[in-house]
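Which chain is which? They are A, B, C and D, in the order written, and residues in each are numbered from 1.
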Amino acid sequence: MMRRRMILVFLMPALTLYLCFLVFPAIQAFYLSLFETSGFGDNVKWVGLRNYSRLLTDHIFWLSVGNMLVILLAGGAAVFGFAFLFTVLLNSGIWGKKLFRAMIFMPNVIAAIAITTFWSFVFMPRYGLLTNILKSIGLEDLAKMAWTAPENIIWAMLVGLVWISTGFFTILILSGADKIPIDMVEAARLEGANNRQIFRLITLPMMWDVLLITLVLWVVQAITVFEFPYAFGGPEINQNLYTPSIYLYIMGFGQRDPIYQLGYATAIGVTMFLMMVISVTVLRLLLRWDQVEY
Amino acid sequence: MASVELKDIRKSFGNVEVIRDVNLKISEGEFVVLVGPSGCGKSTLLRCIAGLEPVTSGTLLLDGEDMTDADPISRGVAMVFQSYALYPHMSVAENIGFGLKIAGESKAAIKIRVLEIAKFLKLEMLLNRKPKELSGGQRQRVAIGRALARKPGIFLFDEPLSNLDASLRAEMRVELAKLHSDLGNTMIYVTHDQVEAMTLADRMVILNAGQIEQEGPPLDLFNRPANKFVAGFLGQPPMNFIRVNDVKLNGRILTVELPGGGKLEVRGDWGALNGTNGLEIGIRPEDVSVVAGAGKLPMEIDVVEHLGDQTILYGHLDGRQPMTVRLAGQLDYKAGQKLQLDLSPDRLLVFDLEGRNANLAKT
Amino acid sequence: MLFSASRYVLSVAALTTGLMASAGAGSAAELTFWSMWNETEPQAKALQMIMDAYTVANPETTFSVVWNGRQNQTKLRGALQAGTKVDFMDQDGDQLVGGLQKEGLAYDLSGIVDDELKNALLPGTLDLYSSDGKYYQITYIYNTVNFWYNKEMMDEAGATPPKTWDDLIAVCDAVKGIGKHALVVESDAADYNMLFFSNLVERTLGANAVLKLMEDKSGAGWADPAVLDAAQKSRQLWDAGCIAEDARGFQWPAGQTTVALGDTMGELVGSWLPTELLETAGQDFPWAAFSFPEVPGGVGKSTDMEVALIGMMVLKDSPNAEEAAQFLKYVVSEEAQKTMVETGVVGVTRKGVEWPAIIADGATSAAEATALSNFAGGLALYYPDFNSNVAKPEYNKMFLGQATPEEFVATMVAATAEYWKAQ
Amino acid sequence: MKSRKSILPRRWPRRWKNAASYIIVGGWSGFSLFFVLWVVFASLKSTRKLFSKPWSIPYDPAFGNYVKTWVSSRFGDYFLNSLLVVSLSVLVLLIVSTPAAYVLSRGKFRSRQVISSFLVFGMGVPIPLLFVPLAVIMAKLGLADTLSGLGLVYVAVSIPFTVFVLQGFFSSLPSELESAARIDGCKDWQIFWHVMLPLAKPGILTVAILNFVGLWNEFQLALVLIDSPENRTLSLGMYSLITSMKYSGGDWAGLFAGVTIVMIPTIALFLFLSDRMISGITMGGVK
């Protein structure tokens, strides 16, 4: 029997740090979002829910939400598509599964900020790598494309983001697939199931819980995504790359232009949090949350 | 050396009562085996004695001293676990010496004691190995060595042989018996294997659903089980229970009608036999003989098992009651064959409606 | 940029002798300076020399510098909150007005701004950022906004610097004739792109006209035909092929690099461009500049000019405000300004100090300037959030072809009305 | 291993299917390799060459790019800052998280489940939500713009994941060892110290590496909490290099030298410990 005193001593340091620097600020965010303050002097003004009503009509905010949805849906489709493809291919009995898995995952250990530099160079019009390749294979028309033009730039950014994320989600989904006991698949094969039936009747239901968790992870990541698009946008980030997180940062901390609307910025954060909670709840309701035990 | 006394011990996990009112006295130097089916609470009882689980109520006396709430260490107990629970990150020597190190013994003293034990258990060559480099039997010995290190008064064994293969298990059984005779310590041993229980125990305690069904020397329990549970639990294949009709009691003589119409007379001290309907007689498969011609009990064979030195017949009586017969030697029986059986009356047991052994003289 | 120790010592010595004569006042203090320059930039080196020289002349005054880079002011706020003491800092003048100055955190420098100082500096440079007759910053670097271009390419195309908008379009045609483009932009540098708009509006309506568009709280200011005209003319640059199609995707500094690499003739931008491209373009690049052309019927003259001045500001809470102010005064002294020019390769605010050769044309336009407007119209001064969140991005959208000029006007009218309603 | 399922048409011969698998998987994996190699090559060219011959191999490597980035752009200092703040954060993180995880997996007390879930909840808090409050709190505590303040926040935001993974790890250790240690006379803390902690070493090492890599690459909190250049971490230094590069004539080669400096430590760790890292992430992510 563990003694109460030891439990306390063992738990306290972690709980204290966690409370002070994570839970408390998170709660304070809700409070701060009811004020208007620049953070400079002591001109703190209570505005109630006005920051939120302002958000409703702020088309830049909605633009950022739109971009977020592009990342969430289009990016999500690509990431999960690739992750599934790689899971299937890696489990199709090819040699070097572990090596390939590590290589696919590798971008995740490199700072996003460093990776963006590379992708900026890839998509740079006229001198970039992509243009270079297209030119060398004779696709002059495509080579002239401005990949980072305002209407394209989010897609260019998304390519890099998908590249990184695919590795992460591949290893998660792969580990879910590897959890399935092989005898179960063999039993089904003996009973005459074909590959598609095995996938639909065995693999998919047995991976259901892993799939849901990865979906939730993606939703959370997509809603809060910050550094990759931020760094991709450079010092004068284009609004076509704004995500709610970036807009929050710009409103709270500013770039070169001085905008210091701490209350409003925090309200964006709270709204993001709510979006996260709502979408996770919806996900749970849409896709039944029953786990497979085995 | 120490004696153990359990008084009205109860143990619950939440709403589930695992040990119900257990009273047990174990004298110094005794080898007691707690045996019972899985989930009967025997391991929990052992852990309560060790001090690993607090009891819900009741008293635990060690050498007459109340130790109900004491630490394992002050109880002077040592324990060998089912999985051996060797510390994987320590060498054999460190495993054996760990308790001494915690007790603050000097390095030199630990070394001497570890060598002593290693010699005793023939582990000298293995002292620097890690547990994962040892065979199952070697691990078992290290676990015992670790238990020996601090010269405990009481040894507790929690199914220590169940992870070994059959032949090694037999070998270790002998070693354990030898260990007991060498050391003479009080030992409490938990197992679900009746062979281990029968061979090792000075005294067997049969547990069922958190209660003691019966205790006593192994053969006493085998021959004179207090109830159907004990009777059925000991012996392999288990005892046959046959429902009988038309019971007549005349002093010490009990007359019953067996399935198939045969009559049987059993002598005993029946007291006021509680009701005469629904009685069952119990007979072990080896106490049945096959007779040519008319016997007391007709049976049809369903399955025959040839074990080489013996032949086991599984079949049924009239009224579909199952029946098992064990015969010595290799015999040529076939499924579907009909047999006439005879029962030896002095090996018969009679169980009343509550499943108690009805022969008062024998209990 | 090569930088030899001996040259450094010589310059410091020269500076110091000048200082000794004027003999600085002030007591012992270590002044903390937060700077918008990165340590590796020539401007930082020049400032370091100036500070070293000042310390030699006034041994009691030493400096501790934080080279923050362009987000200096933003970073400074965090530091001020944390209780860090900062004595003075520098940043683009217009950004300071909208930031620290507006927040009331600037020290009033009116004490050192006398007529002598005013007359010593190029006209308007101090007044541009003064408010209510008080001075909160000393502008020490002068950036003009012109078309900076490759003179050889202009000659090769057989063109001459344009005087009117139509001339400009003709120049574009001429340059196209030799397989190049006359202009380039950076798709993400919205405030650079906005220069076309603000200059066009100012050529039509006069200096500082963009700020006035904002002042009508109904938003009707933006309905002025000059706004639509400016928007349409900026689109014309694309239609007439002044700018290459793929420039829509250039991210800073990809566009300006094309000038250095000889793909493009020039860019409408501040006079810092030749300095920035020093390494890529090489020392001998034939830099020249022409002013924004006039438009037919406009009241603005070609000598009216947008500027981006860089100012130094003393913080109100500085314990050494007076010493810092004295140093600021020194930064615009002739000796210090010469160091800024020679080592920092920038234009300066003091009259009579010759600018670096590569931006000599900037010096000429600064000397001839008839009226000064703020960079990109100056919305950043008083409406910083509106500027970054509405004006710049909306114009940029239209400029890059994601909206029509008419839509842009409508958006601006509505957004301005909404902005004032929320105040 | 048996073929589990295949998305390729059934009538295709197996050899073709395999070839297709190798091409797709190998292509994607190869791109990772290409990325690293190209960046390293780019960092060894002059900017002019980088633009004119982006595919060439730099036979006369321009190490000057590294000198410039390391010294003038002060990557040397940033590297040390990162090393210091990340190592210390990970150390403190382990010191506070390991005991907590142990108690939460092995202790028996009523609020255990509640505290566990409460900690897990922290994984769902979006970091941007904390930008402003953290900046305000840090300023109040006098920790704004300090590496120690940043370190404290790093520890706090890493606690949920770390405790969660370690808790799982402790739960997987056999409970009989605990009993054995108690029989051997160990007090509660001695069981932890002598038996459970040494056994949890692989798990602790795994979370240590994962957190090291994660914090080494961390950018957004540093961006918000660090103001002075001398306190920059490497990722902030990288960002300031990206932005200042624009003012110094597009020194892309120096930029890629910076990228190389940033990524070398984590890639080196990954080369040796990829299996451990991947299994740690799937443990935290999927379990």
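By definition in this document, contacts are C-beta pairs under 8 Å (C-beta built on N, C-alpha and C of every residue); 3 or more make two chains touch, one makes a residue touch a chain.
If you're wondering where the values come from, they're calculated on a predicted model, not measured in any experiment.
Trainee: Kindly list the shared contact partners of subunit A and subunit B, in label order.
Mentor: Both-contact set = D.
Trainee: A-D versus C-D: which interface comes out with more C-beta contact pairs?
Mentor: A-D
Trainee: Report the chain closest to the protein's overall CA mean, measuring from each chain's own CA mean.
Mentor: D
Trainee: How many Å are there between the centre of subunit A and the centre of subunit D, using C-alpha atoms for each centre?
Mentor: 16
Trainee: What is the distance, in whole Å, between the centres of subunit A and subunit C, each centre taken as the mean of its C-alpha atoms?
Mentor: That pair's centroid distance is 38 Å.
Trainee: Between subunit B and subunit D, tell me the centre distance in angstrom, where each centre is the average of that chain's C-alpha atoms.
Mentor: Computed from C-alpha means, the inter-chain centre distance equals 55 Å.
Trainee: Return the residues of subunit C touching two or more other chains; collapse runs of consecutive numbers into ranges.
Mentor: 70-71, 78, 81, 252, 254, 257
Trainee: Mind pulling the subunit D residues that touch 2 or more other chains?
Mentor: Only 51, 135-136, 243, 246 qualify.
Trainee: So which bits of subunit A are touching at least two other chains?
Mentor: 1, 39, 127, 234-235, 253
Trainee: Just spell out which pairs of chains touch, all of them.
Mentor: Pairs of chains that touch one another: A-C, A-D, B-D, C-D.
Trainee: Which of the residues in subunit C come into contact with subunit D in the complex?
Mentor: 38-41, 66-71, 75-76, 78-79, 81-84, 252-254, 256-257, 260-261, 276-281
Trainee: Considering only the defined contacts, which subunit D positions touch subunit C in the complex?
Mentor: 47-48, 51, 72-74, 135-136, 138-139, 142-146, 225, 227-230, 240, 243-251
Trainee: Hey, which residues of subunit D end up touching subunit A in the complex?
Mentor: Residue list for subunit D touching subunit A: 1-7, 10, 17-18, 21-22, 24-26, 28-33, 35-36, 38-39, 42, 51, 54-55, 95-97, 99-100, 102-104, 106-109, 115, 119, 122, 124-137, 152-153, 155-157, 159-160, 163, 188-189, 192, 213, 216-217, 219-220, 223-224, 234-235, 238-239, 242-243, 246, 252, 255-256, 258-259, 262-263, 266-267, 269-270, 274-275, 277-278, 281-282, 285-286.
Trainee: Under the stated contact criterion, what part of subunit D meets subunit B in this complex?
Mentor: Result: residues 174, 176-177, 179-186, 190, 194-195, 198-199, 201 of subunit D touch subunit B.
Trainee: Mind pulling up the subunit B residues that touch subunit D in the complex?
Mentor: 47, 50-52, 71-73, 77-79, 81-83, 85-89, 98-99, 102-103, 146, 150
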